[in-house]
Every structure is written in structure tokens, then in C-alpha cells.
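Shared chain: chain A. Partners: chain B in the first complex, chain C in the second.
And then the complex of A and B:
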């Protein structure tokens, strides 16, 4: 009997009291358009293409991001300049399809494609959701400030021959027997 | 005198106020729930979001009023007005203040109980006529809930009636001049409040609609103003039960003289409406067999015991003094 009263009456009254005390707690709501929410640096939002420390495009048009993309929202075409550097001739992200999963960022071998904390991407015309390379490229290095793919990779480009990359030994002449 | 019980002005004012209050409760409930859940609630339309009700009303009137082809048309259309009419009828016997009321009936308590029982038809008809499994489950639960609470709801009030010696709600209020019935009839108050929550289908006893379990229960198939009538009917029920609690146990319009009686009545009613919303924010919903067990095995014997003790007390007082 006492157990029944405790379960049915006392515990309900305690519950009511505790919920009532929430009236004096601070609300969690952020009134978004009036107050900007504090976004986290690892938030997966709008996608950008970064540049390396020398100011060149990082993207080498390897297509790994397009392959990794689960919704096929990335389209690009490889081109090569006269120095031997690969770059995307066009790079197109359809943000009306993008689900901000960040797989492209994980797949990118050159840290070119990165996700940013910006999420305000609403448009009135659907076609405006398709961003071209000029829209995506930023002038900075994004999250990785000293990474430069061509300076660590073995590929020969203008002004950097084989064996001249950082931590790279000069190429071995396999036909020579000299030590 | 224009302001007397049953004058057209009085009736019009009561009808208007009651419906406006019930509609405003949509906003009040959402704001209060927000307050207790550490949210804000609707605060965009108009000052403090007060015009949210207007926006909701525009939406609900402009919505397509669809009658499903598989439904039983007559009962489907008949069900929503029943709950509105029945609860508005119950308001006729409520004494709001001296001279404010629609009728001064000698069977006020019985009338309210009768109308409340008729309200269950709305819920059951609506669910059955919808020809939808969730709606059927909803009306099934409504029926199960009704047979469990209607009994002790009536009996819990008899203590008050025995103390007053009248079914007239106005006389019940006047009899409380010396002391509110909350003190001698505390158990009756608790039991009537539990039954009242079940009666108005509010959480924790919103078993017939239980949106987490059976979509929206008996009004799953309803849209437009038919849904709106169920919706406003539910809030009217909240206002009705709150004002009944005030009239029966908290001395109706009685209160210190620095405020007019009608203001005292409104303040007390508003307190109970807020309490109903707090219940919604705090208490989880039982299964309907739990409610039935609780009602038949605990609350019904308790209310009978309360009635018996009250009756014995009244007889002892009459015989002994």
C-alpha cells in the first residue's frame, strides 16, 4: 500500500516539481537568423577547393573525390599544363545533391577539397546550387597550411626534377654497377 | 439589469470568451511546454508569438477538408461537432461569477457529467467511422478508458454534493464561503482531477490519441476544420475541467475583495490550465490496461471510501448538533 502510494503519488509529484523547476533554467534555443550559432571548426558544411602555400591549385584532378562521392555530385575533367602539372579543367559540385558527408575530403590525396563550417547556402533558383571551380576555389590553404603535394611527390614538373622533392633520394641509375 | 444569469449579453460573452481562451491555449500550451523543456516555443508571429493562433486558424480553415472515400460519411462528419457542442453545453451550468452564467440549474453537476459522457461518443464515432486501423485502436482505447474513469469521476463529486446538499454548482460555490472544499474533500479532488485528465484526453491519459503509438488515434483521418474541432474541443475540455475543479473544490469566484470575482475565477482557472500543461510536460503515458487496473482497483474503492466517510460525517454533524 505504502509502495503504491509512493509510486503513484510521491514520485509523480517529484517529477512535476523537477519539470517545473526547468522554467528557471536557461533555454537552449539559438534564435538563428538574429543570433549566429557558434559552429565548430570540424563542422562539415560548404565544400571549398584550397590552394597550396605557393598559391597554385592543389587539386590534381585524380577523380578520387568523384568516385568516393555517394551521391555523385562532383564532376571534373583532368587537364595538364605545359609544366606537367595536372589540374581540373572544370570542377563542378552540385550542392543540391551534396549530403555533406565529407567522404571527398577523406579521399583527397592532396588536401585540395575541404569542408568548411559555412552552411548558409540557400538559393532561389535550383541551377544556382551548382558551383563551378571559380566559385569553389579559395585563395588560402584551408586547414593544412604547409602541405604542398608537388613538393613531396616524385612527379617531375617544371622547376622540379625527379629526386628534388622533400625527403626524396635522387633517382638510382639501375644500369650502373658503381656503388 | 443587463448582466444577469441567462441574458443574451452574458451568453454571448461567455461563448466568445470560452472559445477565444480555448484557441489561445494552442499558443499558451506551446509556450509553456517550451518553457519547461528549455526551449522558446512560437515567438515569431506578432508580439511574443501571440498571433500564432491567427496563423494556425488561417491554415486550418484554408486546408482541404477531406472525407476519405472508405469512411462512413454520416458518422465521420457528425463526430467532430459533437465534442464541441457537448463541451460548450457543459459551460452553460458553470457559475463564472455572481450574475454571470448561462443557466442556474439545480442539476448542474449531473448535467456536466452527462455531457462529459456524451463527449465519448464523439471520440468513438470518429474512430469507428474513419475505417482506419489506428483510428479503430484509438476509439477502442477511448472506450476502455471511458468505462474506467466515468464511474469514479461521478462518485468523487458526490462528496462535495453531500457536503453542500445540492447539485447546483452556484450553491456549491456559495457553500464554500466558510472554507474551500479542497480541505475536507482532498481525496475527492485528487480523484476528480485524475478523472478530469482522462476525460479531456490530455497527457498522461491521452491514450486514445497517443501520437507516438497510433499516429493520432481517433482523429487520424481528419483534416481541416473537422480536425480543428477535435483540437479546440480538447482545449475546451481542459478549460471545462479546470473551471469545474475551481468551482467544486477551490471556491469558484470567492477570494479576497481587492479583485472582482470574475478575475478570481479566471486566475484560478488559469492556474489549473497551466497545471494541466505541466502534467503534459512531466508525466509519461500509462498503458490503457494500467489505467483500467488503477481506476477499478484503486481509485474506485478510494472514491467510495471517501463518499462513505463524507456521508457519515454529514450524518453525524446533522444528528449530533
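And then the complex of A and C:
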């Protein structure tokens, strides 16, 4: 009997005490929007398109984000400048469909598409949740500061000739007979 | 049949083949690069390694290349053996050491054989620490992109381009790990089949330049099985669409016709679909006094009302050989049989009718393209086949190699031992004789090319027929032909499988009869079968279909124009037909001047339809369903790939009156079904329609891949509320990714895909065996039956056609629609005049200078091309969409025009684009 009282009653009292003490604990929630919450840098929020360290658009319009997207909310079209660099002619994300899963970021071979901690994307008009490249492209490298796809890939673009990518020998002279 | 054991499972195989081919035939996944079903094995890439055991007791085994090992009876191999697996992964690792890490910016990405094979072989990370070899690229012209860094040196490109397609300007250059695949200098790839490099190359070295300009990954393309409209061969294609425009065309395997390869006209000639010459809205020339002659645009409803009002009275309907049967049938139904006229030029109509009669004759046989490849002696009469039905030319290049196959068979060398067979045969080729007014692109593999005018060719053919069978034809009149005729005749007689190829582009009925006479004479010597192969190439995608339809009644174009010129009709409906290509300007002027209302339904703006009162925009081949009949009389379905803009409607939709009370919808399918029931020439065509029973009746086939991306974003800029997927009321396909997966039902096979096989080489998963029939594919329905009794050859007088003017065709530019595609335009030339050296001297013409030609009231100034290889006295004219062929068909008078140097430079530049073979024969 005593054991029963000890197990239940004391437990109840302790619980009540703990709940009561929470009234004096530091709050986890904040008075949003008066107070802005502290977000983790890996939070999956608003999607951006970043630029490489040289300030050029990182996106090469490879379509891998679009195909990875489980809700098919990314559409883009490849274009190419005069010197061979690929870029998206348009890049559209329908945020009213996006589920912030981050698959696009994982799929991106150039670190162009990134999810940011910003979550304030509510709109009164759904049409306003369709974002184009002008809305998505930022003037910085985002979370990944150093990577530049074209410095690694062996495709010639303006400012980077054949043989100038990482680990590349100068172009072969086909007419040479030397070994 | 032999039996082999692969990883403990016994398979029945054909011992004539190699192990790789048999493993793939049985659906096993075994990586390979250098092997190709049409090009055999050379064992260059070492990727297809398997373990072979001597017998059941042998537990050690040896690693062999499966492509170089015959599938002999009792062979025991293992694909999964650890040593073989390790070997394959080491091989791919070393193939990849200089690969440039640029898949995201590679047009091949996502349909790359190298990606597939790398995954299959299990290579992930680069361990090689040294520098990658890099190469400079070349500009290979408007069709092909070159990115040499991606090369893995499998040699498929040169084996295809040089050995298979007969190209001369692509080679393996350099040595050891510096080997380079390109031209000796930058420049356009000359071969007419260069586009196949895109599919033959297992990586992204050669990619489609026109596709790259509006690039989309393979999985994002909406595709449907379609039929090429470039000529009358009926090659199967897979066009792909994204964001409302046609993006590219790739090959769709057809066992009997195109096999694995297309010509460049078919592959790159799609650009006209989105060219600025496209008619995008209905328009009407105003008749109000204050704005007389002004062309005003109409909405679809207004246009339909106007159309119905204008064509209420006596109407003449002119059909078209370049649009589907359905559109022609709808026009025929609207105007009635007695007001329906064929849109052929007069000589074309006569020729097609003659060809149909020959195709109906017992004892003769119209070969499909695969049968052509198997011929061991070919006679090409007059037709410049490389430029009119190019896919035939590629087949003929294989036919001349049958001598090599024969030698190899005698020496008991398997035919897939490509290098050995070539080494054995050296330059020995099967006989190929060409009769032509000028040197052709096949001359390098021809035994002899006889240059002669139409009359001379007829005389030579008569002599050949006479030698083969003395009861046929008349003896040769000129001695020049005598010796040649004997050579041709003896080659044809001794051949096991002779084949005669011609066409109707000369417009000479006498020549067709003379050609058929040779085949008829040959029947006596027929060895293999009781029918002799003879075929005639057709210039347009549905020439044969329209000609067959005309057998059910209807008049000729001349009848129609004369009736209009007499003012006996209130209106004329011209369906997808530029009449300036069919008849003289006078005939058109006379007809149009007396016709109150001319309605033209067409795709592209041209000189003729600018004169129409009412112009209705129609959909292109990719935007409508249709049935096309190829040169053999084989009807094939071409499916709609995507929905065009609402203003554009298929011809049959414009033409079919809408009955508001009727619940029955008129679709392409109902038109075909109904006509197949009522018209005897089309009986059997209903078999083209999808089955109406079983699962296919309930489920549609998807046009989109299972990983079609961007569906909720692609139109979100217009409206974020997504529209329902458009429903296809017409066909067995849906405009979505839902439906029967290809793996379950491939009867409507568009873009081949199988798990782990993303490139077009996935087609092997849909074939009965490699290079065999498609498991479920529809091969089309033959509409022509051999019902006529064998014909006794009648004499053809060589004076039946004395014309010295012949018209030149070019693969790029001669076909009306594809000529409007930017990539094709970049390769085409303007109108020119072609004469021999002696004639040029006589007429005082200068190479690349200008000449004035005149015939009656018509004159034109054309740049002159003086060729070495042209029949003496013959005058070649290439119209190039600039001059009217019919105005100059009855002989021309030529005079030189005084030159200024600017003109010379300009025309020299133009002729530098032209790919002709004028060298003396390369063979022997």
C-alpha cells in the first residue's frame, strides 16, 4: 500500500512541481514576428541560386534539381553563351508546391541551388509564390564558398581554356609524333 | 541452335553469333562500347570481359572478351564471376582517367552509354593522380558538336563514319593516348549520315548541335512514335518536344526499314516546325472596298465560318502527297470524289501510276531497305538516291559489302569478326552499277557509273534487258552502251540476289518501264526466290498513299487547274501543297484568275499560298496523328507528339464539317477506320489502329517518361493553378506520364528506355534478338498486293524521252519542308546550272560564272557549275526553291552573262558548301 502511494502520489506531486517550475524556465519560442528566431544554418527554407567565387552564375542548367524534385516544382531551360558556358535561360520554382525537402540541393553538381534558413515566404496571392531566376539568384556563394564547377570540369568557357581545369595537361598537339 | 551456359543457366543461342550479342539478346546486362549490332566486333574496348570455362569440371576458367568469342555449342561462361567483374571495373576505370567531369554540361548526360556502362561496371571514384589528356575541339558544321575531351577511344565513330557510311573526312588521328577523332582540318562533316554519330558515339564527343540550341534532357522530352516526312522511305523516328516546341529527332528502330540509322535530312530537318515561316494564324484577304487586298487575321471560329461560307458552292479540292492519308481523305469526303484532284505534277502522276502497276505485278518484288542491304548485285537507274531517298544509299553501301560476307563465309570467318572480314575482302565489292546523268555520291563503291541522258539510259537498259532475255526489249543502238550493257547483264544474271533501284524524280515514264523490263527479263534467272527485287524511291512522305487513294476516283492536277481556268468552280481548296512546285506559273495564273475563292491549308508561308484568299494554318507531322504510305505501299502510323497552339489545326479538323447534333467525334482514327472499311485500296489499314480489347483499350500509353520533370512549374508563370493534363481524344497515347509502362506494353514504342539502359541502345531490350524484330512493335500494313499477272516486257523506245535537261536533287534543300529548317538551310545552296566541260566551252560559260537560261517566256540567271562527271550534252538544273522546275522542263536555251568579280566570289562561296563527288572512281 505504502509502495503504491509512494509510486503514484509522489510521482504526481513531482510532476506538478516540474510543470510549475516551467513557468520560470527560459522560453524556447520567441515572440515572432516582434522577435526574430535564431535559425540553424542547415535549416531547409527559401531556395536560392548562388554565384561562384568569381561572381558568375553557378547554375549550369543541367536539370538535375528538376528531375530530383519529388513535386516537380522546378522548371528551367538551358542556354549557352558564345564561349560555351551553360546557364539557365529561365529558372522557375513554384514555391506553392515546394515541400522544402532539399533534394534539389543534394542533386546539384555545382552547389548552385541551396536552401537557406529564411522561411518567411507566405503570400496572399498564390501566383506570387512562383519565383523566377531574378528572384532566386543572389550575389554571393551561399553556404559553399570555394567551389567553382568550371574550374574542375574540362569544358572550355570564356576565361578558361582547354587544359586549364583542375588536373589537366595542356591540349594535345595531334600533329606531333613525340610520345 | 546451340546451347550455352551463363552463370549456371542454359540459353539457346545462334552459334553464328558472338557471346556478347547472345547475352544481350537474352536480356542479360553486359557492358560494351566498341561493339555495335550493325558493325560487328573488333575487341577494342575490352569492356565486355567474361569468364569462360573449358568444361563443367573447370573451376578456374579464363577471362575472354565476349564480343570476340563465338557462342559455340556447350560454352560455359560467367558474367558474375569475381575476376571478370574486377576486370570490367578496372577497364572502365582506365577508360575514364581523362574523362573531363562535365556531365552536367554535356548534351549526352542522362542518355549516355558511358554513364550506363560506368554504373554497370561499378566504377565510382577517380584514383588516377596524374594529369588528364585534353584536346581542342573542331567546328564540324551546323549539325554536330565536337567535345573531344570526352572520348574514350572506342573507335566506333570512325568505324561507323568511314567503314559503314562511306565517309572520307573523319579519321583517327595522332597516336597512343593522344589519339584524336576528327577531320584533317576544321570543317563541315560531309557525309549525309553524319547525324548517326550522335547515337553511335557512346559518350558526348559527337552531339546534336541543333538539339543543343534548345537542349532538354531525354527524360524531359515528350515523345511519340513518328514517321519521317523527309522522303518516301518511311523511316521511323522519335521526335521530342518540350515547352511547346519540337526539340529533336532521333532514330526509332524499324527492323525492315531504317534499322539503327537515319539520314541527316530526317534527323536535322525538323527546324521548320518553329521557323518564322510557319503560318501561325488564319488570315483572310479583305474584300471591303476601303481595305481591299489587306490580309486580316481571323480567330479559329471566324476562319471556320468563313471557310464554310466560301466553299458552299462548287468546290475543287486539291490533295497533297506530303500530308497524311487522313487529311487527304477528309478533303475527299468534303468535296466529293468527283471534285477531288491529286496534287501531283502531271509527270509525277504518270510515273507513280506506272510504279504502282509494277508493284502489283507478280514475279517482281519491292524490297524493303533491309532486303536491299542483302542484295549482291545492284543496278541504280537514274535516281541520285543519296539525295532523294538517302537511307537507300546507306543500305546500298552495305549491299556492296556482301562480296566480303561471301568471302568470309567461304573462309569460315564469322561475319561479326569485322576487322577480319574487311582484311580478307580488301577492296572486293559486290557489283553496283549506276546509270545517271551526272556523277553520284555512290560512285566510289560503284563498279561502273554510266553517264547518260535519259534517252541514253533507256537505250542501255533496253540493251541489258535484251542481253538477259533476247525476247525482251530492243537491241542497243549505240556502241558505247554495248560493252557496258554486257557487263551489267552478266553481273545481274550471275547474282544470287540482284536488285534494281530507281525512282521517279526524272519524271520519265519510259525510264520506269525500261527499268522494269530489266527486272522482268531477269525473272528467267531468278535463283533465290521467284520474284526479282525492283523498287522505286518516292520523293515525298505520302506520294504512294495519295496515288493509291486516287485509284478510288478523282482527277489530276491538270484537270483541276483546267476546270478552275474555265471558271467552272466557285472555290478551290488546296491542302498542304505548293502548286508552284507542281506546274507552270501560267497554269496557276490561269486557274487562280478565274477562281473567286482560293482556300489554302498549309504549314509554311510560301509564294503560292500568299495568293490565297483564305489561309488556314495546319499542324505539322509532330502535331497531328496521321498515316503515311511509303514507297513499298507500307502504311505506317505517325503519332502526335504534342499539342500545337490552338490556332493550328490538323487539315482533317478544318475540313470535316462539325455536325452539332452528332455525338460521334471525327478523329484521325475514325477517318482511317471508316475509309479502310469503304475503300478497297485501304483495306487492312485498320490494323494500324490500336487494339480495342484488353488492357490497351482501358489504359493509354504515356508520351512522357516516368521521370518527366517540372510539371507543376513549367506553366506556373502563366497561371499557378495547374491545368489538367490535356486529354488525347484521338489516339491510344496520353499527354502525361500515366499509363502502361513500356516494360509492360511496347506496342507504341517511342523513346526506348530500360532500367540501367538510358541511352537509345536500350532498344536491345525491346528486340526479339539483337538486330531482330521488335517484340511488340507494329511494322505497318502493306496496302499493295501482288495481284496482276506477270507482265511481258513491252518495248520502250529510247526516243520516248529526248530531254537533255535533268533536274538535280540535293539532300539538303530539295525537300520542301525540311529546307526551311535553319540547320538544313545552312547546308543548302541556291539554284544553279550544271554542265560538262565541253558544253561549257561551247556555250562560253565560266566556272562559277552566271548563265541565263530561257524557255519560252521564262528566263532565269543562274550560277554555273562545270562538272567533270556529267553526261555530254546534258544540262542539269537545281531549282533550290528559287525557280520553277516546270517552266524549264521542256528544254532551255543558255547564254553566258557578263560577270563582275563580286558575283564570282559569291557563287564560289556558295559552291564550296556543295558536297558532290566529281573525282574519278575511287574503286579499283
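Please note the rule applied: the second predicted complex is superposed on the first by the 169 of 179 C-alpha atoms of A that agree within 3 Å, B and C clash if a C-alpha of one lies under 4 Å from a C-alpha of the other, contacts with A are read in each partner's own complex, and residues count from 1 in each chain.
We take it that a contact is a pair of C-beta atoms (placed from the backbone, for glycine too) under 8 Å apart; a residue touches a chain by one contact, two chains touch by 3 or more.
Since the model is a prediction, treat every value here as computed from it, not as a measurement.
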| item | value |
| --- | --- |
| Which of chain B and chain C A:4 touches, first, second, both or neither | first |
| Touch count on chain A, higher of chain B and chain C | C |
| Partner chain in contact with A:141 - chain B first, chain C second, else both or neither | neither |
| Chain B versus chain C as contact partner of A:12, first or second or both or neither | first |
| Touched partner set for A:94, first chain B, second chain C, both or neither | second |
| Which of chain B and chain C A:114 touches, first, second, both or neither | neither |
| Partner chain in contact with A:50 - chain B first, chain C second, else both or neither | neither |
| First (chain B), second (chain C), both or neither touched by A:27 | first |
| Chain B and chain C contact sites that coincide on chain A, given as residue numbers | none |
| Chain C partner contacts - residues on chain A that touch it in the complex | 60-64, 66-67, 69, 71-78, 80, 86, 90, 92-94, 96-97, 109-110, 126-127, 129-130, 132, 149, 152-156, 162-163, 165, 167-172, 174-177, 179 |
| Touch list for chain A against partner chain B, complex | 4, 8, 12, 15-16, 18-20, 22-23, 25-29, 31 |
| Partner chain A, residues of chain C touching it in the complex | 100-106, 109-110, 131-137, 147, 149, 173-176, 178, 180, 182, 212-217, 219-220, 243, 707-714, 716-717, 719-721 |
| Interfacial residue positions of chain B with respect to chain A in the complex | 34-40, 278-279, 281-283, 294, 298 |
